[in-house]
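The next block holds one structure in the form of structure tokens; read it before the comments.
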Amino acid sequence: MKVNKREKINTVARLLFRNTGWIVIALLAGIFGMLIWNTVAFFLKIKPLDFITGTQWDPSGTSASYGILPLLVSTCLVTAGAMAIAIPLGIGTAAFLSEYAGRRLKNILKPCIEMLAAVPSVAIGFLGIVVLGPSIARLTGQPNGLNALNGAILLAIMALPTIITVTEDALQGIPNSYKEASYGVGASKWQTLVRVTIPAAAPGILAAVMLGVGRAIGETMTVLMATGNASAFPKGFFHSVRTITATIAIEMGEVPYQTTHYYALFAIATVLFLFTLIINLAGEYFVNKFRKYHAL
Amino acid sequence: MVIFGYMTNVRSAYPYPVFFLLCWLVGCSNNQKAIKMKGSDTEVNLAVSLAEHFYKVNDTFTVAISGGGSGLGIASLLNGQADIANSSRPLNQEEDSLFIRRHIELRTIVFAEDATAFIVQKDFPLDSIDVNSLAGILSGRNSTWKEITGRDIPVTIYGRQSNSGTHSFVSNKLKIQFSREAKEMNGNAQIMEGVKMDPSGIGYVGAGYLLQDEPGPAVKVLKISAAPGAAAVSPLDKQAIENRKYYFQRPLYQYIAAGSWNKVKAFIDYEKGPAGQRIIKEAGYYIIADSPTIR
Amino acid sequence: MTKRWTPLLEWGTLLGSTLIVFFFLGVILWDLISKGGPSLSWEFVTALPKVGMTKGGILPAIIGTVLLTLITALLAVPFGICCAIYLNEYARDNGFTRLIRASIRNLAGVPSIIYGLFGLALFVQGLHMGTSLLSAGCTLGLLSLPYIIITTEEALRRIPASTREAALAVGATQFESIRDVVLPSALPGILTGVVLTLSRAAGETAPILFTGVAFYINSPSGYLNQEFMSLPYHLYMLSTQHQAIAEVRPLAYGTALVLLMVVFLFNGTAFYIRYKYHRHE
């Protein structure tokens, strides 16, 4: 082939790649723009203060009220519950994999964790209805087990693989010299893990937790199926709650486009988006801190 | 490995299978033969049976059905995402004005009569209830069963989400706002499940849901009396329904965008024909002879 | 006495949490396989739903999921790979590129339901595609894009600069060096990422809720401009919306198992690619 022609192909290819890059970026920016646009449309009709401080979400009542508080509290309740379960279990499992398990055991266990990560959320929600719900109902003497606790346990299961994998990477990233120094002054394996390895890996573990929170807070199907979806203000783990994601899933289908209710759903989606953005940025910050700290 | 070939040698034959698939995907689509029917959890199962049997006699039409609440169907119709909206309630004022503002002309069909049944657990110590007490229970005014059954156990209400036609039908009929403690279930089926397990629960479902349990009904259907002391009527009483004696009976509507009328006509004809009417009755709904069918 | 038991206790804590995690996995697999297994049959995967979806099979849902994943792949894979090539091979490493990378990483963490809203606003309404297979496919394609970009870039970054320089030194243009040298060696990594992303897309439900999935369709067709059934939504519907939940439980279990098998098939493929690649190294 002529050099000329080859160079031409090269130029065209470069242009093509660059343009796809730009298209992708434009599309992704569009998501943010769409959310903001619709949220602004919402705040033209409803006062932001009512939205933030209102304790009732009842868009189709006789006097529609759009208070995000019950939804926000529900979301935080379920997520906090999930993290209370997933963080200790995740760190424990990661420490086991990283410090105690042999190579062969690890080769079996790690694909299993990937398998757990691969189970679709709707299947987990299904098991929340058929397995976990009845068990919770039996153990607590409640009429049914569709409540915040059910959602929290299921979300913990979904967040676990992320937390385990990232924490394990962080633990593995700690240089051996740290541990050797610890053993050298007579510390036991456990003391080394608790006093040296985990503190040294803390930013990495925090990043793992952030990723787990991000996963849990944005999950839709599981909470939609398992938490009972009562729109009253949440009272605790044994009451049914309705998260932001579930509210969007339930109500988006039923609203006529371009009405206040429609915009309201975008507004709560924006709140959710901002939450995940902050969590992701925090996670990123911790990852970078960890990398810098251990740049060798 | 087709994909490996694609990557290492761009000039190979990889585009052909992809191209073929695309042709197949695009080539077959025809909007004139696809009917979108949406809304009403109460009617959705009936709609599914109708579509299933319709396919046996006429396979040129594809009927896609989605459930949700009556509000979903009406909203989809407003949004242009449905041809037929099933609804267990009439349009409210806001929707009416939206249809007018968006210049969507509607045709309305009443295709069956439904009786909303109030259900409790099988061993619940109550057979009938009057409308007033029911309003007290569902609005949250009475938070325990004490006044009605004498037992001091808290009431659990299994209701539907506010987009449900049944939800608004019951609250309009009783002139109450539902208690905020009411559980909002995704569908009639979840209400059945909930009430079955809950000795203090009460819920409401469409008549069609009462026939489903094969080995005897697992829930008790309450008889309703319009006033304390008046005769109580069961929603399963065919005669009473035909005479419009049951307090919570209502027509089931289908709203059709006038633009889609020609497309859906074959389906509506089937539904109004003898085969369709038989399916409706078998599904547990009623047909009242003198009801106006087409507005 | 206490001294002898402490290490065991400590070790036991870690082992215990690991066992709990695997107990979860065990329950999930055991419950789905033991109760879903009996409903699997040739008829189940090849027949239309019958008698108001209480009998028969799930063929339309399988077709829907396959087509949906295919559309997702057609959209997200070429765009994602090209974008990753641009970022890793062409773009200079300046503040702007870093901003783009950061936003792509963040977009990978955006809840899937928000992609659903975007799909509704852009494809269903904005581009007048209606609630259809194509709208849902585009939405899922968008959702998959950040993942594919991230994994592809990672795979590209692992190729040493010397490989590219060697190709350039013998007179290849930059495009030729990417096409003939960089991409083939990064291929296993890229493929793994693509397959895992598609596995995730196949199991997603939230983004397709308002962009085109239907409860029931009375024929096994899958047209681009029409609504469709899909496995995950079918499972959702059978377990929460169907009139006779108890009666269709076996069908729901069967659907869950088929969905799980589809997803594990994808994951198994990714695992195999990675395994083969590592052996070669």
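Per-chain residue numbering starts at 1, and chain names A, B and C are given in the order in which the chains are listed.
What we mean here is this: a residue touches a chain if its C-beta (ideal position, glycine included) is under 8 Å from a C-beta of that chain, and two chains touch if they have at least 3 such contacts.
A quick note: this is a predicted structure, and the numbers were derived from the prediction, not measured.
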| item | value |
| --- | --- |
| Reference subunit A; chain at largest CA-centroid distance | B |
| Interface with the most contact pairs, given as the two chains involved | A-C |
| Rounded Å distance between subunit A and subunit C, as computed from the means of their C-alpha atoms | 17 |
| Mean-CA-position distance for subunit B and subunit A (Å) | 34 |
| Subunit B-subunit C separation of Cα centroids, rounded to whole Å | 33 |
| Set of subunit A residues in contact with two or more other chains | 253, 257 |
| Shared-contact residues (touching 2 or more other chains) in subunit B | 66, 76, 79, 186 |
| Multi-chain contact sites of subunit C, meaning residues that touch two or more partners | 125, 240 |
| Residue ranges of subunit B in contact with subunit A within the complex | 66, 68-69, 71-72, 74-76, 78-79, 95, 98, 156, 161-163, 177, 180-186, 194, 197-201 |
| List of subunit C residues in touch with subunit B within their complex | 48-53, 67, 70, 74, 124-125, 130-131, 179-180, 183-184, 187, 191, 213-219, 221-228, 237, 240-247 |
| Subunit C-touching residues of subunit A, taken from the complex the two chains share | 6-7, 9-10, 13-14, 16-18, 20-21, 23-25, 27-31, 34-35, 38, 88-93, 95-97, 99-100, 109, 111-116, 118-127, 129-131, 157, 160, 164, 188-190, 211, 214, 217-221, 225, 245, 248-249, 252-253, 257, 265-266, 269, 272-273, 276-277, 279-281, 283-284 |
| Subunit C contact footprint on subunit B (complex, rising order) | 3-4, 7-8, 10, 18, 21-22, 25-26, 28-31, 34, 36, 41, 44-45, 48-49, 51-52, 54-55, 59, 61-67, 76, 79-81, 186-190, 192-193, 208-209, 212-214 |
| Of subunit C, residues touching subunit A in the complex | 6-7, 10-11, 13-18, 20-22, 24-25, 27-28, 31-32, 78-80, 82-83, 85-87, 89-91, 100, 102-107, 109-118, 120-122, 125, 142, 145-146, 149, 173-176, 178, 199-200, 202-206, 209-210, 232-233, 235-236, 239-240, 249, 252, 256, 259-260, 263-264, 266-267, 271 |
